[in-house]
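Same chain, two partners: chain A is paired with chain B first, then with chain C.
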Partner chain A sequence: MNATLTIIRMEGRRLLRGRWLLPLWLLFGVLCACAAWNGAAWVEGRQATLALILEDERATHAMRRTQLAEQVTPDNRSRYGGALYATAMSLRATLPPGALALLTVGQAEGYPMAATIFPFVASNTIFDRHTAGMENPAVLAAGRFDLAFVVVWLLPLLVLAGSFDLFAFERERGMAPWLLSQPVAPGRLLAAKTAARALLLALPLATILVASLAFASEAGPAALLQAGGLVLLYALFWLVLALLVNLVARNAAQAALGCLAAWLALVVLLPALALGVADLAAPPVSQAERANALRAMAMQARAELRTAVAPDRVPAPNIPDSLRRRALEVERGERLIGEALQPYRAQQAQRLAWLDGLRVVSPAIALQDALERLAGSDAGRALRFQHQAHGFLLEVRQLARRHLDQDRLLTVADYDRGLPRFVLSEAPPVLRLGALLFDAAVIVLGMAVLLLAAGRRLRRHATFTE
Partner chain B sequence: MLHAQALSKSFGGQRALDNLELRIAPGEIFCMLGANGAGKTTTIKLLLGFLAPTSGLALVDGIDVQKDPLAARRRLLYLPEQVALYGELTGLENLDYFAGLAGVPDRTPARLRGWLEQAGVPAAAVLRRAAGYSKGMRQKVAIALAIARQARGLLLDEPTSGLDPQASAEFHRLLLRQRDAGAAVLMATHDLFRAREVATTIGLMRDGRLLRTLRANEVSALELEQLYLDEMAHAASATATV
Partner chain C sequence: MTAAVPTPLRLIVRQQWMSLARERRLRLLGLVVLALSALALFDAALDTRRLETARIHDTVAEEAVWEAQGAANPHGAAHFGRYVYKPAAPLAVLDPGVTAHLGSTLKLEGHVQNASRFRATDGGAALSRLKGFSPAFALQVLVPLTIVFAAFGVFSGERARQLAWQEIGAGATPWQLMLGRFAACAAALLLLLALVGMLAALATIPAWSAAHFAALGLMLAAHGLYWTAFLGVTLAISAWSASSRAALFGALAFWIVTAVLAPMLAPMLAEARHPTPSAEAFEAAVTDEVMKGPDGHSPRDVRFAEFEKATLAHYSARHIDELPINYAGLLFEHGEKATADIYNRHVERLYDGYAAQARLALAGSALSPLLALRPLSSSLARTDMEAHRHFLAQAERYRYETVQALNRDIKLNRKPQMREYASDVAAITRGIAFAPQPLALGELLPRTIVPFAALAAWVGGALLLMRLAARRLEGAA
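Here is the complex of A and B:
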């Protein structure tokens, strides 16, 4: 144990005297600060949009209530009632950003964050696509500069910059035989050298990231701990990779090239390849094809109803028959839309399953996935919102159906009691934690594979004197 | 203390060491002389456990090096041609580090300074970074480590090549002190005259074989040189015949 502590202490002293450790910490700090600022600005923009949407809902309700109270009388009810009722139950469903949303924009911009819930429209038209946020083609091409980008892409480079010559330094200078002639097992020596870097490189970098998050967000300690733990694991993975490269490379240049190649493969190529595999195995849904199918269904529904239209009743009911026909049209259309969308839904589910499974290909993908889940900007949460918004629409339709059946207009009292409100129900914590643990397990598994390979290499070339 | 028992090593089909029999007792310095490729470094690597023998045994203090290399290395100090130290650390810190690896207890600054002083490292250099040390100074730090560790066997692989005469003489004085303290020393060298001065026994090696052993005090420098040249000339003519 004493020898191990001696190695860690001296290696730490060497690293601190190397004059690059502090600039490296500072660089990472600056990158994190910039990314956190960028992320916070994105969250702020999104919150402002959502606030406007909800404010608009409140203003509309207030206006309708005033109109009901001041303009609608038993005499003119048939003139105003239908028009008012058609727009009275206009509600909004919104997807608020998570507490750690600034961590990564993730896939949030690929999905809508708000829906207009209105009982007399088809469910496929409720989502405000334009609020997704992918307005900038440059962002689409390069992705956003957020904390996840700093961690997934840049952190490995910093860890490798500080550990690429973990043992290649000694091998290049011919120190290896002299060092290994000391009565210390090579495995112990290398483990202790790696541990010193874990303490001075991986741990501070993870701490800097958590500090940036804590400073720029209102996340609780549990979320911060989870983010810090994941980042630390990821940094350790790269440290172990540097160790393995150092067991193979004969000099620092070879080691640097090896580390760079590994980074390129795991962070750049494999994720792209995984996406390519997913595209081949489960291609994404064509939005144009989907829109055309829906348009055809809507037209069919309208044509079917036109043939069976009944004349308006006299005297006119409180809610005009034209609105009942519209409700029937929507209901009929909904069934057709459901059938038309079924294959697209299955295709999307299959694609998501593929993408989910391909997380295991690289720790970089697993970490990106985990950070998106932590940030609440993952596809799962967005789809959960869509599903719940759809459920809310059905609930509002049922309410409207009761009003139609009873021919009862909304009243001021209805507004005063409050109309139904959408509240997003988040995934159960145990499911969320399970997904995070799976991602962490992928990183740990990757690390274990690297450690096994390192151990094997060490057993074969224990003295590095060849 | 250092014992090679019918020790052989082949690389592919090439015989690097052939049936070496060697026994070096405490207080003895055995100098191996021979051209490059004679098998001197291979012998040292086998005794350190860096290489596995093709046949035979390498023993250190009765310990089979292959079976328990760490126990063997605990008794040994290896001095390569180039002792490399960590340039970012001072001489004192380097000694602290390497002594720590060997589990030397009570490594107080005073004791570390004492060991360095015994090895001839000037007090002014002790707290200087080792990046600026000369080869001779680095060798002295290694000797200080031998003192600190009380190494019972020293394996030296051409330790004085590239040293100026004064540094070389100083190194050999230190070596004799270690021998007097009871260390068994195996030194591979090309320096015939120094070898005759410090060695107890001299071995002439060629093509992986120990051709003959001589008592150093029974042969003059000139005789040793003649014997060495004869052996090497024999090797050259044998190669030419082939």
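Here is the complex of A and C:
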């Protein structure tokens, strides 16, 4: 044990004397600060947009309340249908960013952040206004420079830069046989050298990230610890990978090449390949085809009900009969849309299951997934929002239906009490924790595989004299 | 008979060429890059074919939905809207540009100019964030990395240095050594470029034409300049460095900054300098302006008083019921023109903002040649924002024509006594066709001059660095 500590101490001293450790920490700190600043700016923009959406809803309600209070008379009532009829309620459902949203943009730009809800709007169109963003596609194509990018893409390069010559340096200089002739087992020697790098390389980098997050966000200690723990695991994975490469490479240049090739394979090529596999096994839903199918259903509903038009009642009720006919059309259309959507929903669910499952392919994907879940910008949360927004539409539709049945107009008191509001219900913490643990397990499993390979290599080539 | 004596430069080129060819690691690396590029090209070609088939299918299905309306209120039909689909650019096979981040579908409806929707990047998961692999990625990011690995040790390291000293001792100048090694490596890159060009040509057979080959040739030439600049800088770093490790670190740092960080940071900084409004803010600004004008749906809007007076005077009538046309239809027409003008102004401003961002990002090509290559390559492939804007402009003309044809039908055919009005909307719009044309090569060439000049400047700069590094080599010798 003493020998191990001595090696760790010596290796640590050597690393600190190398004069590259401090610049490396600084570089990572600068990258994290830039990414956190950029992420915070993105969150701010997102919140401003959500505020604009909610302000639109508030202004509409305020205008309609004023119309009811000051302008509507029994003679001009028909001109204020928007304010009087529950069927014209204009509501919004929004998906607020998570507490750690600055960590990664994740899937936030690939899913709608809000829904515009009118009781009679077709349920498949409530996200339309919030689906197509105006973001410059060149920026999207370049990729968002957020903390997840710094961690998933750049942190491995820094860890590898600091450990690519973990043992290759000694082999290149011919010091390996001398070192291995000392009364320390090779495994212990390498473990101690790796531990020194874990303490001086992996741990400080994870700490820097946590510090950046703590400074730039309002996340609680639990979320910060989870983020820090995941990043530390990921850094350790790359350290162990450098160890394995060092057991194979004969000199530092070979080790550098090996480390870079591994980085390319795990961060660039394997995810691309996995995406290709997902595209083949579960191709994405053709949204254009789906839109046409649903529009055809809407046409069918209209055609079916056109044949059964009942004359308007005399005297006319408070709410015109045309809106009751529209309610029937919407109801019929909704049933048809629901049926038409089923195969597309199944296809989408299958694709997401593949995309989710394929995160086991590389720790880089698993970490990206975990960071997105921590940030609240994951696909699961976006889909949960969509599901709840759809449920909210159905609730609002029921309310409008009651108003139609009772022939009841909206009043100033209704507006003062407040029209229905959407509140997102987050997933239970245990579900999120389970997903995070799965991601962590993927990284740990990857590390275990590398350690096994390293152990095997060590047993076969204990002398490193070839 | 005397055999021709090869010049020192030719000898150096031959020696370096053989050295490259004998290096098993490099052969393997080159083959892997070529195989990956070929695979990506093949995948992109299949994808383009699939998208084109889907586009044709969707166009037919959309037409059927439009026809299924039968007799309907024409203005209601204008709100129901139509969908149009953007054709895939053939050279997107080589460089998809921003295609995945732009929807290929556009909903056209009355009063509104929608943004394109259904982006390929929508509805993904964490895996999607790590992006797909495209031929452009292989050519613009991976090939430079291969150049770094192939060339970092050309002058650095003990063995390479010893060889260089021997060659200098034999009469070659350091500049000849530098140029010779540069020419040998460039020839290898040229071979790779030719193979990629052949594969790209094979993947785009249906689009073969003189203009297509000209665009492809220019794209390949741009990539050639980019690779050459990368090679020159790497060789200069190799000659400048004291050890092979320092050369590797230096060249890798150059790659990370120019091929990874700068292309990501430049558009981001450009957006921070010229912020893009959110879709909601854009719509709010347009709506605000539209709301300031009269409501096109309401003939009772008092702000139409002047228009009503002018119309009555034009038709010599005293009341709108006496007009030979339907007044509501006329207002729809009038309102559509007003909102289209407002939208055109705002869209113009939005795209001016994008253009300003693109100019700023291009200015960053002083730091990274990739910032010149990317816009150049994607504009030649017609996968950049300008190509998209060209499509949107054609779609807007089609939208305006369609909506106004529907409004005109109400104006001309709806009688005042009709409580409900329905007309065969498909028949009204049958004569209006949408056949989008891509940007002609001549239209986009002026935009390629500055990026080409930036790439040429990079090659010039790289040669200058090589010259300086050769002098240092001479001093060391």
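Quick note on the criterion: the second predicted complex is superposed on the first by the 443 of 466 C-alpha atoms of A that agree within 3 Å, B and C clash if a C-alpha of one lies under 4 Å from a C-alpha of the other, contacts with A are read in each partner's own complex, and residues count from 1 in each chain.
Rule of thumb we're sticking to: a contact is a pair of C-beta atoms (placed from the backbone, for glycine too) under 8 Å apart; a residue touches a chain by one contact, two chains touch by 3 or more.
The structure presented is a predicted model; accordingly, all values stated were derived computationally and were not measured.
Undergrad: According to the contact criterion defined above, which of chain B and chain C contacts more residues of chain A?
TA: Touched residues of chain A are more numerous for C.
Undergrad: Which holds for A:18: it touches chain B only (first), chain C only (second), both, or neither?
TA: Touch partner of A:18: chain B, not chain C.
Undergrad: Taking the superposition on A as described, I'd like to know which of chain B and chain C A:7 touches: first, second, both or neither.
TA: Touch status of A:7: first partner only.
Undergrad: Just chain B (first), just chain C (second), both, or neither: which does A:356 touch?
TA: After superposition on chain A, A:356 lies in contact with chain C alone.
Undergrad: Contact-wise, after the overlay, does A:276 reach chain B, chain C, both or neither (first, second, both, neither)?
TA: second
Undergrad: Considering only touches as defined above, state whether A:346 meets chain B (first), chain C (second), both or neither.
TA: A:346: touches no partner chain.
Undergrad: Is A:177 contacted by the first partner chain B, the second partner chain C, both or neither?
TA: first
Undergrad: Between chain B (first) and chain C (second), which does A:63 come into contact with in this model arrangement: first, second, both, or neither?
TA: In the superposition, A:63 contacts neither chain B nor chain C.
Undergrad: Which of the two partners, first being chain B and second being chain C, lies in contact with A:379: first, second, both, or neither?
TA: The second partner, chain C, only.
Undergrad: Determine where on chain A the residues touched by chain B overlap those touched by chain C, and list them.
TA: Correct list for chain A: none, the interfaces share no residue.
Undergrad: Spell out the part of chain A that touches chain C in their complex, as residue ranges.
TA: 38, 41, 45, 48-49, 52-53, 56, 79, 104, 106-107, 109-111, 114, 128-145, 148-149, 152-153, 157, 161, 252-253, 256-257, 260, 264, 267-269, 271-276, 278, 284-289, 291-293, 295-296, 299-300, 303, 348, 351-352, 355-356, 358-359, 364-365, 368-369, 372, 378-379
Undergrad: Which positions of chain B touch chain A when the two form their complex?
TA: 45, 48-51, 70-71, 73-74, 76-78, 80, 82-84, 86, 88-89, 93, 96-98, 100-103, 142, 155
Undergrad: Residues of chain C touching chain A in their complex?
TA: 25, 36, 43, 54, 57-58, 61-62, 64-65, 68-70, 80, 83, 85, 97-98, 100-105, 107, 114-133, 142, 145, 149, 153, 157, 244-245, 248-249, 252, 256, 260, 263-268, 270-272, 276-284, 300, 350, 354, 357-358, 361, 385, 388
Undergrad: Residue numbers of chain A touching chain B in their complex, please.
TA: Touching chain B from chain A are residues 2-3, 6-7, 10, 13-14, 17-18, 170, 173-175, 177-185, 189, 463, 465.
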